[in-house]
Amino acid sequence: MNESTENQRATMRLKAGLPPGSVVFTGSRKVDDLIFDIILYSPKHCETLSPANWQEARKILDEHKAEKAWLNVTGLHDTQVIEEIGNYFSWHKLAIEDIVSVNQRAKLEDHDKHFYIVARMLRLMPNRKIDEEQLSIFLHKNTIVTFQEKPGDVFDSLRNRLIEGKGAIRGRNIDYCLYALLDSVVDQYFVIAESLGDQLEEIEQLVMYKPNSFDLAMLHQLRRELLKLRRAVYPMREVAGRMNNTDLAIFEEGTRFFLRDLHDHCVQVMDNIEIQRDIATGLMDVYMNTVSNRMNEIMKVLTIIATIFIPLTFIAGVYGMNFDNMPELHHPYGYHMVWAVMIAVAVVMLLWFRRKKWL
Amino acid sequence: MNESTENQRATMRLKAGLPPGSVVFTGSRKVDDLIFDIILYSPKHCETLSPANWQEARKILDEHKAEKAWLNVTGLHDTQVIEEIGNYFSWHKLAIEDIVSVNQRAKLEDHDKHFYIVARMLRLMPNRKIDEEQLSIFLHKNTIVTFQEKPGDVFDSLRNRLIEGKGAIRGRNIDYCLYALLDSVVDQYFVIAESLGDQLEEIEQLVMYKPNSFDLAMLHQLRRELLKLRRAVYPMREVAGRMNNTDLAIFEEGTRFFLRDLHDHCVQVMDNIEIQRDIATGLMDVYMNTVSNRMNEIMKVLTIIATIFIPLTFIAGVYGMNFDNMPELHHPYGYHMVWAVMIAVAVVMLLWFRRKKWL
Amino acid sequence: MNESTENQRATMRLKAGLPPGSVVFTGSRKVDDLIFDIILYSPKHCETLSPANWQEARKILDEHKAEKAWLNVTGLHDTQVIEEIGNYFSWHKLAIEDIVSVNQRAKLEDHDKHFYIVARMLRLMPNRKIDEEQLSIFLHKNTIVTFQEKPGDVFDSLRNRLIEGKGAIRGRNIDYCLYALLDSVVDQYFVIAESLGDQLEEIEQLVMYKPNSFDLAMLHQLRRELLKLRRAVYPMREVAGRMNNTDLAIFEEGTRFFLRDLHDHCVQVMDNIEIQRDIATGLMDVYMNTVSNRMNEIMKVLTIIATIFIPLTFIAGVYGMNFDNMPELHHPYGYHMVWAVMIAVAVVMLLWFRRKKWL
Amino acid sequence: MNESTENQRATMRLKAGLPPGSVVFTGSRKVDDLIFDIILYSPKHCETLSPANWQEARKILDEHKAEKAWLNVTGLHDTQVIEEIGNYFSWHKLAIEDIVSVNQRAKLEDHDKHFYIVARMLRLMPNRKIDEEQLSIFLHKNTIVTFQEKPGDVFDSLRNRLIEGKGAIRGRNIDYCLYALLDSVVDQYFVIAESLGDQLEEIEQLVMYKPNSFDLAMLHQLRRELLKLRRAVYPMREVAGRMNNTDLAIFEEGTRFFLRDLHDHCVQVMDNIEIQRDIATGLMDVYMNTVSNRMNEIMKVLTIIATIFIPLTFIAGVYGMNFDNMPELHHPYGYHMVWAVMIAVAVVMLLWFRRKKWL
Amino acid sequence: MNESTENQRATMRLKAGLPPGSVVFTGSRKVDDLIFDIILYSPKHCETLSPANWQEARKILDEHKAEKAWLNVTGLHDTQVIEEIGNYFSWHKLAIEDIVSVNQRAKLEDHDKHFYIVARMLRLMPNRKIDEEQLSIFLHKNTIVTFQEKPGDVFDSLRNRLIEGKGAIRGRNIDYCLYALLDSVVDQYFVIAESLGDQLEEIEQLVMYKPNSFDLAMLHQLRRELLKLRRAVYPMREVAGRMNNTDLAIFEEGTRFFLRDLHDHCVQVMDNIEIQRDIATGLMDVYMNTVSNRMNEIMKVLTIIATIFIPLTFIAGVYGMNFDNMPELHHPYGYHMVWAVMIAVAVVMLLWFRRKKWL
């Protein structure tokens, strides 16, 4: 979260004085130039193109108006080009502003001729860290345009299905492709929720059986990641719910059913998150209790040792005094009797501790 | 929870790239081959059949279209056969996918010609553990199809009632059979809630009267099981509520009343769960307090012993010094006076502790 | 809660396999035989009858159809008789099942020709314990039938008003009698809430002024009783609200106003409960703090004593050493100087503690 | 809360057996006789009368039916007179019962010809205590009747405005006078909320800068008072909201706007209360932490002193032994070398503490 | 918060007796005289005027009725002038009262001919403190009037856009100017939320890696500021939501879209606040745990040192006794054997601590 939010904040302050609709990139530049990918497809055919710049991409789109097209733009730093793209598709200027304001909540905006959807695209990195970026999707009658911050996304399998013609995707309207995109995003939420669940179970094992090697910062970190995931999923559920419930002309009847499934998935991830948060809170209690018990253990050792030896040391001290007139010192068995007394004191103490269940 | 969720996670990652509607089993294989059971019944007649495979089962169903039939399938690993079953009944492919995705929330889907219901089937095992599996139910005009993960379920008494013709079940429409299935599932929730209640009371007794033999992990475990039960009951209540409230053509008027009862039962289990969670939280406090008090007790013993003997040892130390000129040492009653001083100090200390209510 | 819930659980497990509508008593038998009481009344007249069994009671009811009648049945163990009663009045078999399932939430069921109402009847016993039993009420056009588990209820004053003709009750329709029954139940909730409030204040006094004689188990017990009361009141409020809001043909317009009052009372009790729960939670904090402070006090005494005497004992130890060459020992004022040093050390320590506000 | 609630409880138990509508005073008598005050006013004229009893008051009201009248009754113990008043105005008997049941929540009842409103009248006493009493208001077409428990209220300025003809109040309908009464009550809530806010800030200063002179009971007391205020404000907001939203024929259009303002004020007080509760909870944490830190400080001092001197005392002890054959004792610089060793040990310890940041 | 609230409280008490609509300034005077600023603008033209007093300002407004005008008034102490302004524009007297009651929640009031909006204007000061003042906005058909407490606001960039003719603002209706004002206010909420987020991360770093230099008061302070921000944002979101949802004739269709954006921004800030509150609570736990661990560490050191040396000191004490008959003392290797015993004891103790993982 750190890198992106720091940049975001710096730009935030800068941006707070600009008029609404100012297209200012609030993230950090992650690619050298914008990367354009176009997938043109129809039921029988699919073609992948990588135009070098917006002029070329525009030409391709103009030439293939009959085919369904998915234009993916990677990189958000070149706000000028993004404004050009926005003007080409006649998007609202506040929507264009939002593409490059990279800390949006997931949302769905209905602009009569097109829909604008924002989603948080999370990915599980090999080191178990969560990588977060903003995904903007514009859905037109025959075209989908997506914007992402950096190379690498969760859509590889979707691309393969398009290219290899697997599944129903090529034959259906473009709204199904939108669903497929969002489904890929939400599937990844599942993967992340499960990974966090694994980590939580590992932490649980540590807390239960090896509290010494447990570090509370791990649990705190996990709770932060759960918050991050939750922040992504909650508004996503609203988006799925709205697509599902309201009468949006652009969605075919058949797709409606898939949208309901999407909504169910979001609810399921949220369920998982809430349960994990509850367990994490419970673990906190268990750990705190372990710490208390360890303290009790330490105190007990100290108390037993001190309580036995302090009186004995006192007795020894008494007979180390140098008074002229100390009759015990001259008694032939004085020394042995003192030992007897000391052993008796120690034994009484030990029995008393045993009765108190401290031993 | 561990075994099933681990498998689930492994498959989850694998699945996250597949097209929607991919039938991938996310659980672990628990039977060698799918097991088929068919109960054919009409008001006057009831027959139990165990076809060896789907082809045989299909033949039976085709031949007895006039009778009400309940087909139960045990085992979900053979996704190919399950797809065949789904195609035979013309289920939506997302529903078929959900049968074998074994971490669904309870839900109700209305597919015009049939209903698809998912429920979490919990069973109380002899060792008080909770066994959880997914139950999928398809309700057609004259047929019910159920899928479960492994042999053993909560429907034995229902089967007996069908076979022996007890109760009204044979004479009523097939929707009543759906209700009877869900009622068996929810009745088991009750049994589990009560068992957890028993365990909580046992833990309460330990915390209150034998805190030494209490282990916080027990309480943590119980809270996890309560979460698990709650996760099953909450969506089940929604399902019962929806069946109860909305106008679903498939339900006879007479069944409606039973559905309301089902909903009431879910609410009652939830009530129980919430109260137990509240009590568990309260117990936590009581236990933490016991731990604190034990610590206080230990500290008090240490402090009393140390506070009495440390000054006495000092006095003994003083008269153990070897100065040439120490007049007290040569006084004939020096030694006795020192003893008097030491006893006085000890008595003053003890009185002071008594005034402070430490003794 | 213990006795009744244990029985309830045992029967629960037994019952979980029976068909819906099985009339199984889930409580423990509390009377030898069912006890029947009938009060027949009309504006000018009131008669109390105690038929020995259901046959007699039935005859009385058949003979006095013109008069308003309240039949009260005490004891639920004889399920066969209760089924007979139910069949006589043509109640739904699920309702009959609920009469003897003694762990129901308060609820209101509208069965066209009659209403079925369940309420939790709580009574404050002389030892401040709360006695709980289930009250089932069936409201017909001219008859009220009530079922309770054991002798003794909260209706004595209502009976007196009927017999002595006090208040408006004889002159009004039977629905007013239902209101009067529920009002008696809710009034008792008030009494209990107030008793718990008294106990909470006593505990508060203990925590604040005599923490030594306070036992956390008392507070835990009180919170459990608050939960129990809350569990009774919450659904009761829903029942009162539904009777108040919906158009139930059976209620006269004039009674509607009384029902609103009933609802207000429930809300008021709930308010009380919530405030008491808040205060109980706050008390917990106060007590925990008292425990911490006591620990601090103990540690402080130990530290002050130890910190003063440990250095002094060291000094005494030094001059107890037996080296040949220790010039201080032979100095004529060596002993006095050592005393001076030791007193100085002690005074410095004490001043330092005073500056630290430990003394 | 104590005095009034104790009386309330005693009567509660007594009352729990009476028929609904029994007029039983549940508070404690606070005046000798009921006090009657009548203010008669019209746009140009205002007159204040103090009839000695209800008969006189009744005569005045009968004679001045054309003028707007506000009758204020102080004292609730004489239930007979209050019933007479109620019958004169034809109030519902449950409403009359509520006047003298002095633990009502604020509420609004619409009785066609008149409204009945209950409010909790809180007053800030000079010693910062909150004085609470119940205020009942009956609003008729041309008359307002108010009941309060004891002399002294928050309406003095309202009376002055009526008498001196300040503001619009004389010229407006009687419903504006109701608003003015409630506005006075809510304004006082503000004053109390602010006073509690002041106290909270004082406590915050203590906790932060003088934790020694802070007593947790103060915070507990404050939280209780916040609960008390909240209990008064929450239902009051509902009352204001209902007056504002629903179409109550008795309210002029122009008054509606004032009612909205009343509602806003309630919301604002509630906002204040919630924030103060949050801060109070935060303070609790801060204080607990202060207590922990103080304990740490004490332990550290003890540990440093003990850890330095215990080894040194041991060394001194060794050379205090009386063995015949201890060569060190006879070495000419033995004593000095022991001192060197002891100083070295102490210095090493101190350095180690410094490295651990304990010094 | 302190300065303004203290004044507010003082006036509150004073005000609690005044009639509704009394215009009493509840803040503290922050400017000598009211400052007036008028910006007159039309699509092609923009003029800034600074009339010296209300008479001049009034004349300007009268002369330029055709142009869109934004009148900004700084300073609220001169209630007489503010009443004059209110009468000139025929505002409701409760609205005039609210302008100078400087502790209002954000709200929107629809007065047919004009709207009255209150917002909390927060500004981030260079020292990271949050400066809060009340902003009142009156929206007429062609005129906006704003009131603020003191010089300095968040509108500088909006003024520049008007003067320099940047953006669409000059060309649009006056309702867009209202949106632009609120957008500036909400943008500043973002900046503040991000600044608090930065501070929280700094505190997190401290707690995690330098717990010694962390002071809990910092976290408490941060939580208070989060509460303050939340108190401003929550009602603001309601205002934005109401402007967005309801059919307010004054808003052009085109502005509606911007209002939705405003609402989204409020929701986003609230999301941020809630997450930060969650993290802050988690940090509290982490810190408390750090404190516990430090205590454990201290206790462990004390226990190890004491437990090793106390028995050794006892042994030394024994052979410091002066009994005549102590054979060990005269053994030629007695001294060496005692050393051996003492070393053995110490080694055993150390090994035992190592086995307990304390070393």
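A, B, C, D and E label the chains in the order they appear, each numbered from 1.
Heads up, the rule we're going with is that contacts are C-beta pairs under 8 Å (C-beta built on N, C-alpha and C of every residue); 3 or more make two chains touch, one makes a residue touch a chain.
Keep in mind that what you see is a predicted model, and the values were worked out from it rather than measured.
Colleague: Name, by label, each chain that touches both members of the pair chain B and chain D.
Modeller: C
Colleague: Rotation angle for the CA superposition of chain A on chain B, to the nearest 5°?
Modeller: Angle of the fitting rotation, chain A to chain B: 70 degrees.
Colleague: Compute the distance, rounded to whole Å, between the mean C-alpha positions of chain A and chain C.
Modeller: 42
Colleague: Take the average of all CA coordinates in chain B, do the same for chain C, and state the distance between these two points in whole angstrom.
Modeller: 26
Colleague: Got the chain C residues that touch at least 2 other chains?
Modeller: If we look for residues of chain C contacting two or more partner chains, we find 292, 295, 299, 302, 306, 310, 313, 317, 320-322, 326.
Colleague: Take each protein chain as a node, join two nodes whenever their chains touch, and name the resulting shape: line, ring, star, complete or other.
Modeller: ring
Colleague: Order of chains around the ring, counting from chain D in the direction of chain E?
Modeller: With chain D as the starting chain and chain E following, the sequence is D, E, A, B, C.
Colleague: State the interface residues of chain D toward chain E in the complex, per the touch definition above.
Modeller: Spelled out, the residues of chain D in touch with chain E are 154, 156-158, 161, 166-169, 179-180, 183-184, 187-188, 190-191, 194-195, 197-198, 201, 208, 257-258, 260-261, 264, 267-268, 271, 275, 278-279, 282-283, 285-286, 289-290, 292-293, 295-296, 299-300, 302-303, 306-307, 310-311, 313-314, 317-318, 320-326, 357-358.
Colleague: Quick check: in the complex, which residue numbers of chain E touch chain D?
Modeller: Per the stated touch rule, the residues are 2, 5, 8-9, 12-13, 15-21, 92, 94, 103-105, 107, 109, 212, 216-217, 220, 223-224, 227, 231, 284, 287-288, 291-292, 294-295, 298-299, 301-302, 305-306, 309-310, 312-313, 316-317, 319-322, 326, 328-330, 332-335, 338.
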